[in-house]
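Common to both upcoming complexes is subunit A, partnered first by subunit B, then by subunit C.
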Partner chain A sequence: MTEPTLLWDDVRITYAGGNVAVDGVSLEVERGGTVGLAGESGCGKSTLAMSVLRLLPRSARIEGRIVLQGEDVAGMTWGRLRAVRWTEAAIVFQGAMHSLNPVRQVRHQVAEALALHSTKEFPDSAARLRRVDELLALVDLSPAKGRAYPHELSGGQRQRVMIAMALACDPELIIADEPTTALDVVVQAQVLDVLNGLVRDRELTLVMISHDLAVLAAVCDRIVVMQHGRIVEQGKAQQILTAPTHEHTQELAAAFPIIGDPSSRLVVGRNASPGSPGEAGVSTGSTAEAGRAVLEVRDLTVDFRSRGQHVRAVDHVDLTCGAGEIVALVGQSGSGKTTLARTILGLQKPTSGQVLHEGKPLPHRRGALKAYRRQVQYVLQDPAASLNPKHTVYEAVAEGIRIHGLDDERERVIRALTRAELTPPEKFFAAIPQELSGGQRQRVVIAGALALDPTYLVADEPVASLDASVRGEILALLLQLRRDLGLGALVITHDLGLAWNIADRVVVMHRGRIVENGAVEQVLLDPQHDYTKSLLAVVPSKLGLR
Partner chain B sequence: MTVIETVPADSEDTRGSSLPRYLALKAGGSLISLALVVVLGFFMFRIIPGDPAINMTRGRQVSPGEVERLRQEMGLDKPLLVQFWRFVRDLFTGDLGTSYVYRRPVTDLIGDYIGPTLLLTGTAALISVALGLWLGQKAAWRRGSWFDKIHTGVALVFWSVPTFWLGLLLLLVFGGGLGWFPTGGMSTAASTDTGMAHVLDVAHHLVLPVVTMVAVIYAQYLMVMRASVLEEMSADYLTTARAKGLREDLVRTRHAVPNALLPTVTLIFLTLGLLIAGTVTVETVFSWPGLGYLTYKGLSAPDFPLVQGTFVVFSAAVIVMNFIADLLYRVLDPRLKSS
Partner chain C sequence: MTTSGQAAIRARRRARFAEVVREIASHPSAVIGAALLLVIIVLALLAPVLMPMDRLDVTQVTARGNESPSGGHWLGTDPSGRDVLGLLLWGSRASLLVGFSATAIAMVIGTTFGMAAGHFTGLTRAVVLRIIDFFLVVPSLVLAIVLSTVLSRGLSTIVIAIGVTSWAQTARVVRAQTLTIETRPYIERSRALGAGDRHIIGKHVLPAVMPLVMANTTLTVGSAIILESTLAFLGLGDPTTFSWGSMLKTALDTGAATAGYWWFVLAPGVAIVIVVLCFTLVGRALEAVLNPTLRAR
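So, the complex of A and B:
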């Protein structure tokens, strides 16, 4: 029997202050195996991965054994450890963000690993740079891209550079830490494709970390689900994805619904709990279809001028949102969906065309615009960024009430918080955002919008920054508000699964134009436009099922 | 799988395209600042109490007529606006007027005294920047260590010490008491040394003023570099570098420091300009024949053309350094080239 490439034996990792990140994990990764580590932020999956190369901060205390290629990592001298780093195990960091040095050309960053570990094969810098070109070719990048600085590359390209860098010294084991998070679905599919090809061709051992079960299933044979530092479920990827048994795995799986599966259509009064069909499929939008138009967009065009170049972000768009209707506006990043939303809210001036509210054009006068904004409220993507960290929950919710000079401030705040299911509301008054969980923060943002009794919500990626288990709750809240208050919503998202979860109607936007618009079943189950089809082809849940 | 074409940002053609425009904007801004400084300087010095004509003739028996004649000679009898007009007109022809005290064109005087100032500030700046940056990044890397505590502590003590006091103390101990260093001037008055001997003589005179200046200013470079490195300490690309197997030294020097230097460079150049203006105290204490010393002499008269002249030079130094900082930042940070 061959020894495993990587072995965690009853590993327990404690940070300063007694915070236990990993709590007794035993896991074996066999040679050539592909293992996915799934879990929400803070579940300890990254800590576990970083422990392999001893990359944790000094305050971390590690108990148990971590064995890499038969050698105990804890027993290595610093010199040995440095030699092992990158040659036996390399890490693909989340390169879309900040994992590349911003002031050095990427080819030099890749070559640096060669200069450290492979001076025999590549003795001089010219030979190393030639090797870098080969490595870049492996991940479908041209040599010219090597001369670029990180900011000059797109997120997908940066991620490929990270992969090329990881391959530089031919390591046995690759650890990929959230390699596709923050990437567009389409780009995500491309990066996963590259990764998949390399793992198969080079018979690499892969440990991949993600909060997204479907992404893991697309690459890995085995999935391990973690919660609170422990492994709660593990098994074959397909089995975890399609028939999860642990409650937490079910929550994770529900965040990436299988489009076309009626049980993942959310219904008011029930949280996302897949695998329990029943009243599911009963369309929630039947009454909404008849609603009158609250918002109408007529032949709208928005141009941006950047350094002498005209960019058309929104290109002759027509759109109608009915009262109490939930419309999902989907598209890739850069498709113009956020610009469209901002224009609807009067935050961006249209180049031509108009926006109508209740049949009347959007006012230009400040006072009238203010009244309009009270009717149509905006919910932003990242609650951590959209809430003032110094304001208490009460302040955050009451701010809009004060601006609009409404009476019964306290009453209104209590009502808004109750509606956003932050109960009892008084308990949250004095809290500052930092003390709340991600889901609670987003509820505060929603409460801030509700405080003004709006008739319509515009929500920009309302759950994109939230963990899977919270995602279902917030979506259920939107549906409940629609039932109780008749509140419609234009939900901007890149996530077709979300559209399937809650929307009545799906509007697909591509390069500033609306390419498809129709009832959710019609658009997602029988797409007509090529772009919609290609988006559906790269939906994570589909990737996992390949 | 269907692959949708993504539009990659083609960097090649956009890189640095707006450089001339950027240069023109920054240069224009600098010129406007300079013009405002000239105006401000002129009126500011007129507020200084004291009548140059009376001060210059103090201690001598002069008739009111003579004083009046002196006034006329210096153009002080004219209304302020006329004086200003003359000042501006002359400025455009490169004439900063004639010093009341020295009875020589101010431009000549500045030409004579600027050399020693540049020598003094240049040496002090070089040493304090190198020292400050080196200590700063070391201290940040070992935050909380004894190295960090001692060096930030010592630097802050020197930073808060008055320059003249430190200068006098050094002068007293190492110049007067121990006699290791000369107590003033730039070279030994009687010497006729040339070549190497002269250089060594000047260097000997340079030690105390440079030590005084360095001690007082290196703290700001240390603190800024320290803060800047600390900011980068948790950057993800450092984890990448460590994972690649780089030694800690290399992680610091190759990855952390180049990034930390970016915000620091601007500040260094901003302070370099101020440094020249800050020589007044040091040069006065050590009788260093530079612009600061000249300004001190001019202020006690008050010698309007002279102080206006040195004021313009000091301000120009700050503005020019600021301009260089803007340019350098752009060159150093690849992200600014294309944005």
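So, the complex of A and C:
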């Protein structure tokens, strides 16, 4: 048997303060193998991957053996380690925006690795830049793109530059840390294609980290699921995706529903059980359709002016949201979804057209706008950022109550927190956001909105920055609120699976225009517009199956 | 707010305060600065006890003028025979008083204008920014001289003149911080909840810029003390009170420096340097503690 490219042998990694990040992991990656590491944030998957190149902070203590190409990583001298980094194993970091130097052309950044490691093959900068052009071609970028600065490239292009950088010195092993997180579905599919092609053509060994099982299944043969620093399940990608045995894997799998699967329609998360849901969903859907229109958008256009150029973010959009109806607004990043939401909330002035609430146009006067804002509430994308880090939960929830000068502050806060399922509410009063988990923070934001007894919610990517299992909880909460309070919501998302999960109606937006609008089953199962079809084709759950 | 909630908040504030104190304690220069400052402030407060005013009365002094330092007069005497150490003690009162109150005025104006320039848009911002720019480019010493000649003479005039001329830097810093805070999503959430300008500034922006203002305060006190000495040296101070600046002026007027009476020139000069240095040391440390991006890693 040949020697494995990478071997973790009973590895334990402890951070200062006794925090065990990785707890006794043994794992082998054979030559040419592709392994996906799955798990929620904080499960130790990134720590495990970074340990291969000793990139962990100094406070981390590593026990056990990590063997790279037959050599113990812990025993390497500093000089040897430097040589190994990038020539034998390279990393594609997450967040391509932050991993590139904003003030240098990307080709020089790719050439940096060559200048450090391959001075023999590429002695001068001309030779190195020629090699950079080859590398960029490998990831489907033209040499001209090499002369661009990071901000001139799209998210997907930047991620491809990062991959080109990792390939620079022909490493045996590539570690990709969440390479597609923060990219929208279309771009994600492109990046995964590039990785797939490289693994096939160059026989690379790949370790990929993600919280999305479907993304891993699209590239990797084998998937390893981690929880609390331990491996809880591993096996063939297809088997993990379709027939998970461990409870945690099932949770992860359920978070990314398969569109068209009736068992995940209008039911979310762990309580998903086949059979019960379909009819219930259809009936609520039909009552919602009968409801009166709460919000109406008529021929709305929003222009931005930037550096003398007019950008039309929203282009003659008409949209109606009924009482108690959950509408999913779907589109790629940059399609104008968020601008539309901000205009509906009166946070952005429309260039032309109208927003109507209960049949009346949105007022311009501040006082009247304040009254409107009591009715329609906003839930933002990133709960960590949308709460003032210095305010306690009580203050955050009471903020709206105080602004509107309502009485019974304490009762209202308790009621809102209870509705948002933060119980017992008194326990959370004095907590500050950083003491809460991501899901709890988003519940606080939702409680803050509920405290004003709104009639409609506008939620901008409410679960995009949350972990898989929490995602299900928050979506279940939205469904619960609709059932108990008749609260409708306009949910903005790039995730069609989410629309399938909770929405009554899907509105597809492309370049500021609405290209398709209809009931979920109709749009997602029988798309008419080409753009909707292309979105559906790149949903990760499909990528895994093709 | 519940009592338990308030107790928890108090406990957290105490913990945060303890953390700041610990962090400052890890800067040895800041500890030295703070200790020296404390000594100086205590001495200034105790001046009437240590050196009763009648011992500095020109009609009652027994010593000759321009005596060199000796056991009786540690820092010698001035041209009228008064004890230089006594003058120094009484002068510190004026210097510190003017330093603190002028800084307080500057901070209030600077924070208000800074937040206004950062928060509002359009015409308001343009006007406020131009006002800040005006005070930034006009040499503050010249402006302070003009102000103290126009207004009636006295310590309060000096305080106002210095306060009104040294807030522009703070306003700029506060504006920059306000701009970053205003882009945070929680401001957007607050607006969507129906918040007006007053709520956003009072609840979100002000608490966030406060640490910066605190750090700026300690740094401004130093320059206010220098400005006060300068004004007094130029003869624009209150003639009825002692200050380090007026001591230097007397020294110059009586030719103490050229006549070799070094103790009368050096003493107030060194005193000014030490106090300003102390404030700068503490201010720098405070800045590093409250603004973690400046902290050495």
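Please note the rule applied: the second predicted complex is superposed on the first by the 526 of 546 C-alpha atoms of A that agree within 3 Å, B and C clash if a C-alpha of one lies under 4 Å from a C-alpha of the other, contacts with A are read in each partner's own complex, and residues count from 1 in each chain.
Just so we're on the same page, a residue touches a chain if its C-beta (ideal position, glycine included) is under 8 Å from a C-beta of that chain, and two chains touch if they have at least 3 such contacts.
Every value quoted in this text rests on a predicted model; they were computed, and no experiment measured them.
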#### Entry: Touched partner set for A:T119, first subunit B, second subunit C, both or neither
neither
### Task
Mind telling me which of the two, subunit B or subunit C, contacts the most residues of subunit A?
B
### Message
Under the stated touch criterion, which partner chain does A:Q190 make contact with: subunit B (first), subunit C (second), both, or neither?
### Response
first
### Message
Looking at A:L53 after the superposition, I want to know if it touches subunit B, subunit C, both of them or none. Which is it: first, second, both, neither?
### Response
first
### Query
For A:K533, is the partner it touches subunit B (first), subunit C (second), both, or none of the two (neither)?
first
### Contacts of A:A430 with subunit B and subunit C, given as first, second, both or neither
second
### Message
Considering only the contact definition stated at the top, list the common interface residues of subunit A for subunit B and subunit C.
### Response
none
### Message
So in the complex, the part of subunit C that touches subunit A is made up of which residues?
### Response
1-2, 4-5, 8-9, 12, 184-186, 188-196, 199, 203-204, 207-208
### Summary
In the complex, the residues of subunit B that touch subunit A are 1-4, 6-9, 11-12, 14, 17-18, 235-237, 239-247, 254-255, 258-259, 262, 332-335, 338
### Of subunit A, residues touching subunit C in the complex
345, 347, 366, 369-371, 373-374, 377-378, 380-382, 385-388, 390-392, 394, 399-400, 402-404, 410, 426, 429-430, 432, 445, 448-449, 452
### Query
Across the complex, what residues on subunit A touch subunit B?
50, 53, 55, 82-87, 90-91, 93-94, 97-104, 109, 112-113, 116-117, 144, 148-149, 151-154, 156-157, 162, 165, 184, 186-187, 189-190, 193, 307, 332, 334, 531, 533-534, 537-538
